[in-house]
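Letters A, B, C and D name the chains as they come in the text, with residue numbers starting at 1 for each one.
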Amino acid sequence: MRGNSFGKLFSITSFGESHGVALGVVIDGVPPGLEFSLEDLQKALDRRAPGQSKGTTARKEADKAEVLSGVFENKTMGTPIAVIVRNTNQRSKDYEKLKSDYRPGHADETYIQKYGVRDHRGGGRSSGRETLSRVIGGYFASLFIPDIKVKAYISKMGPFVYDEDVLDNIDKDLGRYNFGHPEKDQEIEDYLVGLKRDGDSVGGQISINIENCPAGLGEPAFDKLKADLGKALLSIGACVSFSFGLGEEMANRKGSEVSTDRANFGGIEGGISNGTLITLKATFKPTSTVGDKAKAGRHDPCILPRAVPVVEAMIQVVLADHYLRQKAYS
Amino acid sequence: MRGNSFGKLFSITSFGESHGVALGVVIDGVPPGLEFSLEDLQKALDRRAPGQSKGTTARKEADKAEVLSGVFENKTMGTPIAVIVRNTNQRSKDYEKLKSDYRPGHADETYIQKYGVRDHRGGGRSSGRETLSRVIGGYFASLFIPDIKVKAYISKMGPFVYDEDVLDNIDKDLGRYNFGHPEKDQEIEDYLVGLKRDGDSVGGQISINIENCPAGLGEPAFDKLKADLGKALLSIGACVSFSFGLGEEMANRKGSEVSTDRANFGGIEGGISNGTLITLKATFKPTSTVGDKAKAGRHDPCILPRAVPVVEAMIQVVLADHYLRQKAYS
Amino acid sequence: MRGNSFGKLFSITSFGESHGVALGVVIDGVPPGLEFSLEDLQKALDRRAPGQSKGTTARKEADKAEVLSGVFENKTMGTPIAVIVRNTNQRSKDYEKLKSDYRPGHADETYIQKYGVRDHRGGGRSSGRETLSRVIGGYFASLFIPDIKVKAYISKMGPFVYDEDVLDNIDKDLGRYNFGHPEKDQEIEDYLVGLKRDGDSVGGQISINIENCPAGLGEPAFDKLKADLGKALLSIGACVSFSFGLGEEMANRKGSEVSTDRANFGGIEGGISNGTLITLKATFKPTSTVGDKAKAGRHDPCILPRAVPVVEAMIQVVLADHYLRQKAYS
Amino acid sequence: MRGNSFGKLFSITSFGESHGVALGVVIDGVPPGLEFSLEDLQKALDRRAPGQSKGTTARKEADKAEVLSGVFENKTMGTPIAVIVRNTNQRSKDYEKLKSDYRPGHADETYIQKYGVRDHRGGGRSSGRETLSRVIGGYFASLFIPDIKVKAYISKMGPFVYDEDVLDNIDKDLGRYNFGHPEKDQEIEDYLVGLKRDGDSVGGQISINIENCPAGLGEPAFDKLKADLGKALLSIGACVSFSFGLGEEMANRKGSEVSTDRANFGGIEGGISNGTLITLKATFKPTSTVGDKAKAGRHDPCILPRAVPVVEAMIQVVLADHYLRQKAYS
């Protein structure tokens, strides 16, 4: 009821503060007998880890997953799977000075308004580190919907724009920054390093292509697939908009223009997947920490490269949940 | 689990097909002792009724609310409130020809994919008539969050654009079409009548201002206020995008540009309301029915005027739910 | 959250006061394409109706089911099914004198303590009439678990005792009173008529046999089958105890005595059905209304005969829910 | 949906197998700002630990609680609280021989029927060790309902019977075995040691008194207080019956006999607490492991002494949940 669980038949329950003892997640609803690989799970976590390249934060976090339950002899058992990641830099003097510092666009002030107390060590629950739970959830979701390909990529970041509505190849290697044109990696790095030097940050847009999603996922009334996907992405810290298909461009179109091409509806009709390619878009705001704090601290000048695996994971969680829901009734 | 309920502490459970016996809703979680007015409830329903003006569909639906439970001597009792609206035009020969006709952008085909069966009498659960349940829910939500002002208005529809980010006066009378510039009512009517004549339709954008929302609503992880508001609006049939604050424009901005004005964050920081004006936007696609069918049938050339009260109601449902959630723990 | 819904994948949401406009239920999670018969549903309702025989209350309630949604051309559609039963004796002068009368064992006083208000017309939500919703739910549950036979019967009522642990034949006709020895019908009638004349009432015990329940229903931790069955029966007004297998007798037994016969465990091991006969027992208290009020009013001297179909229905709801849950994951 | 969570506004989500890496629980819905004491939590866990006395199992389990989140500077933060207890005897050769051994009354066979796989290391999720999660949950529940006194005690175990319906003093020290007559401790020990020597076990009954429960807890329809308490206790492994007030004795009583003393209704009327003493009873079956296995292994000849704190904890969880629910609406 405090909103730390997501999903119905397949659910993730997240816990942990960014500077507490550990972050973790309880994943429930994973069918029994699925092959588990700690190595693959760790790879999934490493994709969202900082310090992958010069353009992202240099914080050295190990982010080592420890599986506490639900897996035995590398098989899922149908019981709840708990995974934790210990925080290695718990005692964070770096953040001490933030104790009385309320950053705009952050949860600092709203936490006090909500709880009357605040964990001044850092972002608490609203830190980006909470997304570890989502990536772990996405890994286990992927185990039983292996045919559905979920690919997120940066389609806009500062001056960099990917100019197609759809990725030319869903298996494409997107380079270090998960941008649609990986050949721009060096340019992007230079741009991000420049931002960091200036104590600035930048927003952007992530696009998502979903291939092989079976038709029939999503419910007609409130749990439309688009509604649950929207909630999933909007529940990520910096996400400020969600759309599918033509999205906001629909506001400028006539019916006679859009009804000619089914792709305009983004793979979802009546709230239910129609078996064609699903296309989504989400906008992320620039990190609010700017100025001297941004130069000195360990903040990313742009969180989009690291948000990509989180976006994919949340979509996998939604699809896994709706997959089980449809299975129950048919 | 089939997604016909929305909300946790305050919830609405919707039922009914567009051409069945009746549509209805069970509203649970309304505190006892609140003053109820059938007249006010009926007014709320009338706002979304068709045939209000030439530019909307001419279908003569009575949409008369009947309260079956939960209210006694014009006071809520704390027990579940059931309200139904009978369908007066159940036997719809008009739709008979649609039996084997799958319309793009509609749920026709996806229903078959999902259920194996379809109610060929009409849209079934994905008809716009299902939104009656939401408007009724919104009315009861408003009874216990009376200070929060939720105002939705059309900010873009074809050539008509409201050029401010925020309504100049939240109590403004918006005219027949709920457009930000009500003095354009006649122009809009001419435009919509023309569309209808041409068998065409148009999309648009609805903006929302929320005044007096208390700080502290929304939960830090998955049930962020923005996430629940997003799901609420994306669960409306034709809604294809949701954003708050600067929205998609954030993709083009640097942190140094946005952190200077808190209004850019749209009243929600860290997923929690901060006590300032909340600003949202949602895009609606044009009705998919075009051509001769659109000329002959009883379809709106633009659903936005009628979507406005539905948008307001869904937001009230979300705010009422989060209001009770915050009350429980503080 | 106000406890008017029961079940997860298969759920019933109940509404209505005993002397309001109507009682009803929204049943969600019924798979599409199942054959529906209004006649069968009505028969199920008639089984719990009063006035079946001299020993039960003489109140003439029509209790006519009206299906508002979810069924089309006598087939379920997979959409929520709403059924209402109108109250024909809404204006109940009989109960007017109860306005300031708090009956022991009833909800009269606790309602005031809970809500601050009370529907003095009658029992409100805690009336026996609320169980209509459960019987309707049970009917729809039975449509997709047709092989599971659920049979409840009175095993103790005043001096009448059924002396076997298990019904000799699950398809046995139990007579007018649903007692294990139907040949005692006349004796029971005389007994109940005598109680009524004396302004008294009596408690009793209902036993339940469940044949053909598939193995594997129930979850290992909190949603053990026994726990959900227990909650289901204890949620019925007058039910004051629940047990399965040997029940309270287990307190007097040694392990060496019980482990020799698997039947002692009542068909449920580790909280999960094991595929053998399931045996349950529930105790019902005597109606609290006694004395002159009981002589004059329309109260049953014993509610057990009418509770039997309610008990069966609640069990069907639980089994249907767990059946779908198990189906989703396997 | 797999039944590993319990409670709505206050909830516990349990995970872990008895011989896996760790057991644990995520407690959500604890209000912020409450004083936390690791020492008190550890004491609560120690009460259910084995090896307290000769009559209980000799297994040396440390059962040391580690708090991973939700607590900062010994105050709850309003965020989810995760607590784990590592299993020290993970590699259990003792249980290896049980691989192909299905014990009656245990989950061994039903697990295979449900999941197709089984954790042959031990009881998996249905082990008594899972109750650690409940005791931890009960501790946090007690922090915000400190005035409600929940006291469980053994009222029957083999030849030992506590002969009053109600404990003479709710603050009474119950001795090593939580039996109503603590002066019998030595006799009980001799009895249990004898059972163990004989490779036998015994069932029994636990009674519960709840003082100072506010009136108004519980909901009128499905979430009656008695229904939720019943589910809570029946979700404990060996519990085979639940009753309140007069319980099964009600089957032998007339209305004229029971309506004279409100205590017969056990503090709950219409499913709602009435502010008087609440009295409950639960029966526990004897441990199924008997014979040579029971002599050699580390099994308790009677689980009741250790079940007492688990019973108390589950009741605290239910009351805390209903306390918050009532708070939200009033």
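Heads up, the rule we're going with is that contacts are C-beta pairs under 8 Å (C-beta built on N, C-alpha and C of every residue); 3 or more make two chains touch, one makes a residue touch a chain.
Just so it is clear, the model here is predicted, and its values are computed rather than measured.
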Checklist entry - Copies chain C and chain D touch; is their interface built from the same residue numbers (over half shared) or different ones? => result same
Item to check | Pair with more cross-chain C-beta pairs in contact, given B-C and B-D | outcome: B-C
Checklist entry - When the centre of a chain is set as the mean of its C-alpha atoms, what distance in Å lies between chain B and chain D? => result 46
Next on the checklist: Suppose each chain is reduced to the average of its Cα coordinates; what separation in Å results between chain C and chain D?
Outcome noted: 28
Next on the checklist: As a quick test, compute the distance in whole Å between the mean CA positions of chain B and chain C.
Outcome noted: 39
Checklist entry - Using the touch rule from the top of the page, what residues of chain B touch 2 or more other chains? => result 1-2, 4-5, 8-9, 14, 29, 32, 78-79, 114, 116, 124-125, 220, 325, 328-330
Next on the checklist: Looking at the complex, which residues from chain B come into contact with chain D?
Outcome noted: 9, 29, 31-32, 78-79, 220, 324-325, 327-330
Checklist entry - How about chain C: which of its residues touch chain D in the complex? => result 1-6, 8-9, 14, 104-111, 113-114, 116, 124-126, 130, 156-158, 195, 199-205, 215-216, 218-224, 226-228, 230-232, 234-235, 237, 239-248, 250-259, 262, 264-266, 269-275, 283-291, 294, 325-326, 328-330
Item to check | chain C - residues contacting chain B, complex | outcome: 1-2, 4-5, 8-9, 11, 13-17, 20-24, 26, 28-29, 32-33, 66-70, 72, 75, 77-82, 84, 114-117, 119, 121, 124-125
